[in-house]
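Below are the structure tokens for one structure; questions will follow.
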Amino acid sequence: MKREIPLIITFVAGVAFVLQYFIPHYPFSRFENIFSDWFAIVGAFAIWLGALSLMKLSLLNISKKSHDWPISLVIIICFLSIVIAGAIDGYHGLNNVPATSFRDPGTNFDWLYQNVYTPLSSTMFAILAFFVASASYRAFRARNTAATLLLFSAFFVMIGRVPVGDYLSGWLPERMQLSHWANWLMAFPNTAGQRAVMIGIALGTVSTSLRIMLGIERSHLEG
Amino acid sequence: MDSALIGTWLAALLTLGIMSFIYKDNLYYKVCEAIFIGISAGYWFITYFWDSLYRKAWVGIVHQGDYILLGGVILGAMMLTRLFGKIGWIARWPLAFIVGATAGLKMMVYFTTNAMAQVHGTVNDMMAAFSGGDLYDLIGRLVILIGTVTGLIYFYFSKEHKGVFGGVAKVGTWFLMITFGASFGYTVMSRMSLLLGRIDFLLTDWLKLVK
Amino acid sequence: MKKYYYWFILIALIIVLILLPKPLIVSPTVSTTLTVLLGLALVVVLVLTLRGHMIGRRTVFLFIGMSLTLPFFMNFQMPIKVSPEVQTLFDAMAKLPSGSKVLAAFDYDPPSAPELQPQAEAFMAYAFKHDLKVIIMGLWPQGPQQANMAIAKVLQQPGIRAKNLRYGVDYVNLGFQSGNEFVIQRMGTSFSGMFPRDIYNTDYDKIPLLNGVENFSNIDFVFNLSAGYPGTVEWVQIAVDRYGVKVGAGNTAVQAPSVYPYLSSHKLTGLAGGMSGAAEFEQATKEIGKANTYILSQSFSHMVVIAFIIIGNAALFVSYRKSKQKGA
Amino acid sequence: MDRLKTLLFLISVVILLCFPAYSQTDTPTGLAGDAKPMIESPAGPPSVEAKDTKNDDGSAIDVSWQLSADDQRLVTKYQVLRSKSLAGPFEVAGETTKGQHIYTDNGVKVGESYFYKIAAVYEIKSADSTSVTGTGESQVIGPIKPIAQWFNMRRLNVLIWLLVTCAAILFYIWQAKSGKELYVRKIAGIDAVDDAIGRATEMGRKVFFVPGIQDMDDVATIAAITILGRVARICATNDTMLDVPVSRSLVMVTARESVREAYSKVGRPDAFKEDQVHYVTDDQFGYAAAIDGMVMRDKPAAMFYMGGFFAEALILAETGNNAGAIQIAGTNQPAQIPFFVAACDYTLIGEELFAASAYLEREPKLLGSLKGQDFAKGLFLLAIFVLLILKIFGINLVSIMEIS
């Protein structure tokens, strides 16, 4: 039972979406709508699961007084503060006339979003710019034909996609200018390579999906 | 002090805190990171609550009597059993649903749009370029055809890369490398843009050095 | 140097920056001098590297920081050429008669805002000026909020404020729904099924703009701003290939190269990729904004990265030659 | 000269006189003095046709009409009017701009009958509100019933291609399971593993294996663990120290088992130490920073990066490069492949990672899938050539690949 039912659910849900593609008639069209709605709701619970697991882990850390327990405390405080702000703002919004949303400008939730969430999430990825630069200097080497071609192509794209490329090559005829090189590179060789990768990945996806639906692949149901 | 000013200073301090990582992994960074983890988990939690669970499920079931949505809620609630060790196996049901539905939809969309339509596009464009169009376009389309075919041959694992076949696969790798080079250039562009956004914030909104 | 000295230096620097005259724009001569100095510093790095002294990581960081910061104070203008992909996108928008219904899908979060927010603002301004009806939604929860920010900014333009645009009549924000590509799939049969209410919990049927909007067949154009999954790929796979709607996109630079095959197979109607795409899109729509300011810093940083790659490889080449000579 | 001036004057007078005359005939706005603007109605569309939309679930009807005679002159839009009875009342089902002559009405329900007529509308926009000034209606047609189809015939070609592909995959999986030897080509990056570890042995330095930051539910991590088994076996034979820093606790457990097994297989179970495979942190950048420290301290001779990598790939590859290690990478994350190619000696690109694991592990379901995919690739390549050659002979069959 513990094994069979999930396999049946996987099969039914998967096949419903495949059949829906070919059969427009009721009830297949209806199945697809119901499953899409369910998917949206289950997805929300899946995110909740992630957040609640994080809370559980942090609480365990604090109760066990493991070495970085103050960090866990910070996590919990921040989690609760934005959740409470969002809940209150949302609840007030329901009673307002006309109704307002918890993420409207001026709410506490929006304040946290603008001044805490946005700078932190943006900066987390922004610091990568520094690492790209240092890797350019210290690691990216034309050590073989493949890497050489890659770096040449990168060169044309990097210089051709910003106006400085045309500034430097402005003396050349229109079709020889660097932006034109970059356009050509993107439109043709890049498309070709991307397409080969795309078709390859698509077939890989088809075979993985097929294995999952037929229960040949069941690693997701273990553990 | 108004809340906007406090907000800007807070945002600036948090920005600098994360940036301090490039000097060295330190406590300031660790605290900022913890704030980020907590805030973003809470952000997702409450957003999904209002947008999906309230607006879609609660209102749908209670106000509009769309009881079929209850199926989704039950499956979703099963998901949360993961938090309670012993009955955690129940969570496999909704997981099976998610994995199955995704597999079914992905199988169709990838097979049609990313495989068949790409083959169609390659052939169709080539034909169009043959029958009319300038030399520039013809060469470009030919490049796409050769690149796609040789690239696919590189990813063909059932034959050893020897002789003519090996040569063709080699051409395929060249195309792939040019493609990866383009991605490389674009990724560098993206990373610089992100940092640019933060520097703009620090200079314009916080220090007000630039308009 | 003791550890806390760094803190003193940092705080002193911040104080100096706060006290500086504002706004700080330097003259063309100073700009040129700064640029030349940056170039000279790179030459010094080249010489050092060729002699076998690799400069430290933090020095490289300093270079990139400078190359992004200094251009903010400069007043250079560089002509921007609109690339064919962006032109296609703009042409598709320009063809829409006034009153057309455009679905704007905001599928990104704050980290991608530097690249995508200028596109969002240019799009909104263009749409409002040309009386396009905009229906906003997001497959990413942060998307609708980024949309609100763009609208708030655009509505401050006098020309647009004079139009007295009304929420629910000229634009509407449907908010976010979970479900990734399943959301698009469901919208193929019914928008109101997926979005029974807008962000203000107003019923779908009570919003005038959405009157008669059943599914994609009532939508004239989809404009998708995307930073990854779910995003442009899913919009093309489902909305275009199954429901035949026209989709144009603005992407982060990381994602842009991988959607080119869709452009070539005419599934995607135009693409603005990354900061350069944003600047070109601003040029095309004549809604000049942040991206045109940013593009100078962007140019500088690209040049520095290219210089670093060349320097690093020159060092490799020289050491390779040396080892060959020794061997011979 | 004077004569020319007179002529010019006369011509201008004539032109100016003509202007009001033109404006009176051209614009339909009313005459001066009238309180209400004069209404002029465009002619209705001469004929209308309504048909069930094919290949759908019966929720749409295609309506088409001939353009009104006044399409270019007066019409500003067409309204599609729908009713459930011949007599009405008719409601607006949709609108199109002028010059359009087809509309798909999605507002219908399967099983019911509908009547249609088309109104050509002439509309003037005034400053504050829109006022309709004239309409011309077509004849009513109907009844039409929307019908749901049981199979979307336009998608028959997709079904055939899909069935062939899936059949091939299943066939090869079956073949692999029944013990048939299936050939997979050598992969350069995997062959280089031996040399890289050999070098580490000669130099007496460590080997690092980094299995990415994804958990065990990611296929790339599973493939990585397979490759780790191979690496561990060679290390055990050569008596080279292997270090595996891990970022997920579940991956640690699996990787530890895999390494222990490898050491036992070559008869060196004593050489295996538990903390060779050790958990570092779940945190992305924290993980990268920690490995950075380890690499700087130990200066390994070879580094392997296999599995799912994201932004931290760049930091890792740079670190290994500075330590002077031979680096072999493999990932299915397209965004990171460029960085690995530029900074590593060998890179397994995307599918190669899975092919490598199938090649080493020889697990039937992976091997069979790989062969099945190869079959489909071959088929697609063949299709490209055949379609192009047929085209040269004037036969256009490209629609067999078309999706709709």
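Every chain is named by a letter (A, B, C and D) in the order it is written, and numbering of its residues begins at 1.
The criterion applied here is as follows: a residue touches a chain if its C-beta (ideal position, glycine included) is under 8 Å from a C-beta of that chain, and two chains touch if they have at least 3 such contacts.
These figures come from a predicted structure and were not determined experimentally.
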> Between subunit A and subunit B, which partner chains are common?
Replying inline: C, D
>> Taking contact as defined at the start, I'd like the list of chains shared as neighbours by subunit A and subunit C.
In response: B, D
> What is the chain whose Cα centre is as far as it gets from that of subunit D?
Replying inline: C
> Quick one: which pair of chains has the most contacts?
Replying inline: A-B
> Between subunit B and subunit D, what is the separation of their C-alpha centroids in Å?
Replying inline: 11
>> Can you compute the centre-to-centre distance for subunit C and subunit D, using the mean CA position of each chain? Integer Å is fine.
In response: 20
>> Quick check: how many Å separate the C-alpha centres of subunit B and subunit C?
In response: 15
> Which residue numbers or ranges of subunit B touch two or more of the other chains?
Replying inline: 21-22, 33, 43-44, 47-48, 51-52, 56, 101, 105, 110-115, 117-122, 124, 144-145, 148, 152, 155, 176-177, 179-184, 186-189, 192, 194-195, 197
>> Could you pull out the residues of subunit A that touch at least 2 other chains?
In response: 21, 29, 35, 37, 39-41, 43-44, 47, 101, 103, 113, 117-118, 121-122, 124-126, 128-132, 134, 136, 138-141, 143, 146-147, 150-151, 154-155, 158, 161-162, 186-187, 190-191, 194-195, 197-201, 203, 206, 208, 210, 220
> Hey, what residues on subunit C touch two or more of the other chains?
Replying inline: 61, 64-65, 68, 111, 113-114, 175, 177-179, 182, 185, 189, 201, 241, 254, 257-258, 261, 264, 274, 276, 298, 301-302, 305
> Once bound in the complex, which stretches of subunit C touch subunit D?
Replying inline: 97, 189, 212, 214-215, 217-218, 241, 254, 258
>> For a test of understanding, state which residues of subunit B touch subunit C in their complex under the given definition.
In response: 22-23, 43-44, 47-48, 51-52, 55-56, 59-60, 64, 101, 105, 109-110, 112-114, 117-118, 120-122, 124-125, 144, 179, 182-183, 186-190, 192-197, 199-200, 203, 207-211
> Quick one: in the complex, what on subunit A touches subunit D?
Replying inline: 21-26, 29, 124-125, 128, 131-132, 134-135, 138-141, 143-144, 146-147, 150-151, 154, 197, 199-201, 203-204, 206-208, 210-211, 214, 216-217, 219-220, 223
> Which of the residues in subunit C come into contact with subunit A in the complex?
Replying inline: 54-55, 57, 60-61, 63-65, 68, 78-81, 83-85, 109-111, 113-114, 142, 144-145, 148-149, 152, 175, 177-180, 182-183, 185-186, 189-190, 193-194, 199-202, 257-258, 260-261, 263-264, 274, 276, 279, 295, 298-306, 308-309, 311-313, 316
> Okay, in this complex, where on subunit B does subunit A touch?
Replying inline: 3, 6-8, 10-12, 14-15, 18-19, 21-22, 30-54, 56-57, 68-69, 71-73, 75-77, 79-80, 82-83, 89, 91-101, 103-108, 110-111, 114-115, 118-119, 121-122, 140-141, 143-148, 150-152, 154-155, 172-182, 184-189, 191-192, 194-195, 197-198, 201
